[in-house]
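You will see subunit A twice below: alongside subunit B first, and alongside subunit C after that.
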Partner chain A sequence: MKKYIIKRLLTLIPVLILVSLVIFMLVHLTPGDPAAMLLGDQAKDAEIAALREKMGFNDPLPVQYFRWLGGVLRGDLGESVFINDSMSHILLEHMGPPLALTCFALVLAALFAVPLGILAAKSRGRLPDSIVSVTSMVGISMPSFLLGLLLILLFAVKLKWLPASGYVPISQGWGKHLKYLTMPAIALGFIESGLMIRMTRSAMLEVLDSDYIRAARAKGVSLFTLFTKHALRNALIPIVTVIGQSFMVLLAGATVVETVFNIPGLGQLTVNSVLRRDYEVIQAIVLLISVTMCSSA
Partner chain B sequence: MKRCIAIVLALIMAFSLCACGGSSEKNDTPAAEASRVLHLVPANVTTNLDIMSNTSDEASLVASGSIFEQLVSADADYKPVPELCTGWDVNDDSTEYVYHLREGVKFHNGETMTAEDVVASMNRWIDGVETAANFTGGAHFEKVDDATVRIVMEQPCAYLNNLMASYANRPIIVPKSCIDSIGDTGLLTEFIGTGPYKLAEIKEDQYIRLEKNPDYVPYGTPGDFSGWAGYKSAPIETVVFDLVGDESTIISGLQTGLYNACSGIGYDSFELFADNDDFDVTTSDAEMPMMIFNKKAGLASDAAFRRGINAALNSDEMLYGAYGSRDFYTLCSSYMFPSQELWYTEAGSEFYNQADAAKAKELLTEAGYDFTEPFKLLVASDSADFYNMAVVVKAQLEAAGIPCELMTYDWSTFVEIRNNEPEKYNAFITSFSPKTVPSMNLYLSTGWAGWCTDERIQNDLTAINLSTNSEEGAAIWETLQEYMWSENVPVVNFGIQKSFMINTADVENLGYMERIVYVNASFAE
Partner chain C sequence: MTNEQIRQEREVIKRRLQKEHRQLTVRKFLRNKLAMIGSIITLSMITLALLAPVLFPEGPLVTSVFERLTRPGVNGYLLGADNLGRSVLVRLLYGARISLGIGAGVGLLSMLFGMVLGLYACYYPKLDNVIMRVCDALSAIPSTLLAIAMVAMLGGGIGNLILSLTVVSVPRVARVARSSALVVKEQTYIEAMRSLGASDSRIIWLHIAPNILSPVVVQASYIFANAIITEAALSFLGVGVPQPEPSWGNILYDGKAVIHKAWWMIVYPGIATALTVLGLNIFGDGLRDVLDPHTN
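This part shows the complex of A and B:
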């Protein structure tokens, strides 16, 4: 095992060096100037040039690259000139909200999808089955930003039950935290719940057709026990697999929902950083994602 | 059992990370409910509050007059008014200004403002801002005594106070120690001013929170506040700027009371709030949208070509296309706003809004244009108004037989190309807020995109700066504006755009001059 880990780590090194080079070149060759963004639209050429010089952006690209790489190797991902904070702190701050959102969305999606899937399987070919099938199709088809806006219109603007946007960390209380996360989590989780409904329904139907279920029925087992104890347990394997796979999909989809609900997550940070050409932040985020992907591959 | 422990540990780890996402203090989030916190939404996200170097409207909204104050501020007519000084003396030829400092003014760090702080701050401004250096001829401020500073210039400068009062690079007064601790970037890292609000927290890309400065001593008389200057009572203890990127989020936040005021949202949303008793909508002449010709390279470097393009343009169509209603704009040929009585002139107005395709063709043919090379118009996709104007310009030029190519980019790329790649485009569209002296208009500068290097224009601007009385300066400006419309056409002014501020009806005493002025804002009982 030790050997395997060491081997994996060693193979990671050239990959990460290549990734770092590609990220750096992509970011620096994209048109846009952080100094101009930092000084505002009315800054004159000379003022922008002076700041570029002070920030080291006029140095040759290889010098800038090795300066950044040196920092990364020492564990220093740099500092954002826009946010005026270290990258490690910025990343930590922005990882919490999307994780909370994804976890909550996943829980809501599973709680919504599994019972509906069982109901659809139970009433196969009848009206409830059709209603659930339509619901799951709507879930799969509807973009999260559209659902988010509709939810805001209904629950925030019309009914005034939930806040329209924002994020409150758990440290300020679970109640507030969940209140602010409910709408974004529904908007995010509804798509995946469609998939989960379909998966639950088909898994349950397969199990319900099996001999041991017929035997249990013949023995006179109650319907509730039959579904929960005998059928669902065996049908859970593909359902749990889908739920697990949904986590990464939801985490990626959180970017859009973050924007609609103004949640300060990694997605919003990335978008803002790209728009203002905050080189250090873009490089650090892409590197973090690359390390995660390479490690899990 | 092992599996249960693993699940519990995983959950603890996940929620620990979730808890990292915000501050541990209470009531400091953008969503602090029920408390009397004023929530404002800037049009764009900003975190660099060094408004001497950051010229963005958003930074000024947050920090100008609230966190930072200046020696001289501006009233509603853009007239210079003493702020951190009690007054000033100017000699007859406007070469020496002496400022008498207000006594007992304290910085947010508890230190008392001294002449050394003022001298260091003002000299940082002169050294860091090209226009300031041009106006003063590079002269610096010096301490006379503990309560007096002065600047002695070799050249007259009748408009120094106008420049200090309203230029986008604001001459904010900060402790000398803050200036001494500035790092490599030349930007302030500590935002310590003398204003009625002090910076409490910047939460990256989320919010900026200001708290009332308990040591603030207002100047002027209670109730006497105009424009950006006067008595600042700061009745609200906490002001939060929610940094929201998405316009629909801002609108729903206003509708649900999450935010109290904003400006800069799209004109489509006006009707939504204008007829609603729960909101007040204030409109104001805001900016002049313009097409700035690239005079450094390409087709538009020739004044004859620029005259031809100008002849084809119909400003009314353009502004209507951008703003969708005549309530949101005024046709205006003057490059200075009508409220600026000294400078406002209609000289050259016959060359404004000509909409004459035949004349355009004739002028362009005379200029030697072959009607095959496209006129390249650069525009930022982030601004729907500018993009819509560009689409109308394209249609008007094509109607006059001029092929036109729109170059649409995101804001960062737009700025990069605009500033550094003049060979790629012929003109771009942007807008400008009022300036108190014509020479402060950036589009007439040699050092900003468009590069107005025309000798006559630069000489006249210098003559305005050096004029020792305002009438002399106004006379020079009148002939210069005539020349700009009839001969040189460095830019084409489309008119005056009106912007609007929306606030919930429970907020009173919000001001609106280029930006929301909240230093006297209060909640209705």
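This part shows the complex of A and C:
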């Protein structure tokens, strides 16, 4: 196991180097002077020149790349010119909400998908199966931000059960925290549950076909025990894999859902940085999420 | 029978067989319920988008301050009016032109570049490593985030959106093209071509490319659907198609501000987006069943 982990980590290195190159080039190969873009249209030439010197934009690109990479490896992601704070601090501040949202969405999606997948497998080819597969198809086709908006319309505007937007940290109590996170988590989790339903269904079907299930059936095991104790346990391996992989997909998807519900997370930070043209922050966020994504894939 | 006659005879039989194969595929496609439903949905959306200037020649930008947020069905606003008094129906139809246009553009371009990359990667092992590692790096970055970052650097606008979304989707096509091409490349007829002295590009483009088209087209239809979603998401975040040009994401963006007063600005563009994406996904599934049944 230890050998396997080390091997996986070593194969990550070239990919990570390429990822960092892509992200670096995104900012530095695009036309235009980054210093001028940072300062906006009204900046004077002298100010731009000073900033260029300060940020090291006058050095050759490879020098800039290795300086940036060196900083990143030491945990120094630079600092934002706009927020006037170190990047790692800014990122840390915005990490909480998306992580909470992602975990909650993952739990909801799994709780929703696994039973439905089992139901579909149990009634293969009959009505419940078709209903479930249509549900999963709709889940895959429905963008999360759209589902979020529709949920707001139904539960916040029409029924007034849940708050339309906002975020309450855990420190102010679990109840409130979950109340604000429920709609975003449903919106975010629904897409992934489509995939999980399909996976559960096919894994269950495969297991249900095997000889030991027929033997258990012949022995007279009740249907419930057969499904939960005999079949599900063996079918869980691919299901758990999908759930694990979903975590990263959801974390990436959280960026868009956050904006729908005005949750102060990485997504909102990204959009605000785009509007402020704060490229350093965008670079740092993309790097952070990609690196987590690579290492968990 | 002379050699010439035999050759002609063979040509005739070949053509007949090809025609028969085409007819069979078409018939299989028509009999596939999924593919039919998907293509009907997609084609009707495309028709509506194309007909927009004929049906509503006044265009999607006409504002009418006194009729802001008119309810659907009142004053001739079939789907209501938005916060500036523009008809939601007209904006939806014109938005379909932009959203579908971006989706189709991204689908076609990723298909083209993905095939070029995949084919050359498969044929030249030295290139293979470089191309595939770059693809790995690109697909390691979450696609929405990469698209946002690219649009942020390049600036908004339809051209830049198509470019960014294409960069994001090309690795997927390249990988599918490469893996199918690797199988085709090992076939005897490719070896025969090579021993006959055919040039590399002749083998790649005339003999390998046609045989990997099916899985690539299937991928392209999924990418079409995904591009519509991502475009809508970017425009919804305010970094996609610039206002006041309508796209489905832009209408939703406007709708979010008045969500407490005007449900029709969310529900109708939402239905249009979800339905189109659903149609394209079903179409892709059906196409896959017909064209390349082994992958499922």
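Everything that follows uses one rule, which is that the second predicted complex is superposed on the first by the 194 of 297 C-alpha atoms of A that agree within 3 Å, B and C clash if a C-alpha of one lies under 4 Å from a C-alpha of the other, contacts with A are read in each partner's own complex, and residues count from 1 in each chain.
As a working rule, contacts are C-beta pairs under 8 Å (C-beta built on N, C-alpha and C of every residue); 3 or more make two chains touch, one makes a residue touch a chain.
This is a predicted model, so every value here is computed, not measured.
When the two structures are aligned on the shared chain, A:Pro14 is found in touch with subunit C, with no touch to subunit B.
Here subunit B and subunit C are compared by how many residues of subunit A each touches, and B touches more. In the superposed pair of complexes, A:Val138 makes contact with subunit C only, with no contact to subunit B. Contacts of A:Ile289 after superposition: subunit C is touched, whereas subunit B is not reached.
In the superposed model, A:Ser171 makes contact with subunit B only, not with subunit C. By the document's definition of touching, of the two partners only subunit C reaches A:Ile23; subunit B does not. Of the two partner chains placed by the overlay, only subunit C lies in contact with A:Thr270; subunit B stays clear of it. In the superposed model, A:Leu146 lies in contact with subunit C only, and not with subunit B.
Residue contacts after overlaying the shared chain place A:Val157 against subunit B and subunit C alike.
Looking at the shared chain after the overlay, A:Thr259 reaches both subunit B and subunit C. Contacts of subunit A with subunit B, set against its contacts with subunit C after fitting on chain A, overlap at residues 30, 149, 152-153, 157, 164, 259-260, 271, 275, 277. Within the complex formed with subunit A, the residues of subunit C that make contact are 133-134, 136-138, 140-142, 144-146, 148-154, 225, 229, 232-233, 236-239, 252, 255-256, 259-260, 263, 266-267, 270, 273-274, 277-278, 281-282.
Those residues of subunit B that touch subunit A in the shared complex are 14-15, 17-24, 26, 29-31, 33, 45, 47-48, 53-56, 59, 128-131, 168-169, 184-187, 189, 202-206, 242, 244-246, 248-249, 252-253, 255-256, 258, 409-413, 415-417, 419-420, 430, 442, 445, 447-449.
Per the touch definition, subunit A reaches subunit C in the complex via residues 14-15, 18-19, 21-23, 26-27, 30, 137-138, 140-143, 145-146, 149-150, 152-153, 157, 164, 248-249, 252-253, 255-256, 259-260, 270-271, 273-275, 277, 279, 282-283, 285-286, 289-290, 293-294, 297. On the subunit A side of its complex with subunit B, the touching residues are 30-33, 36-48, 50-51, 54-56, 80-85, 90, 92-97, 99-100, 103, 149, 152-153, 156-157, 160, 163-172, 176-177, 180, 259-262, 264, 268-269, 271-272, 275-277.
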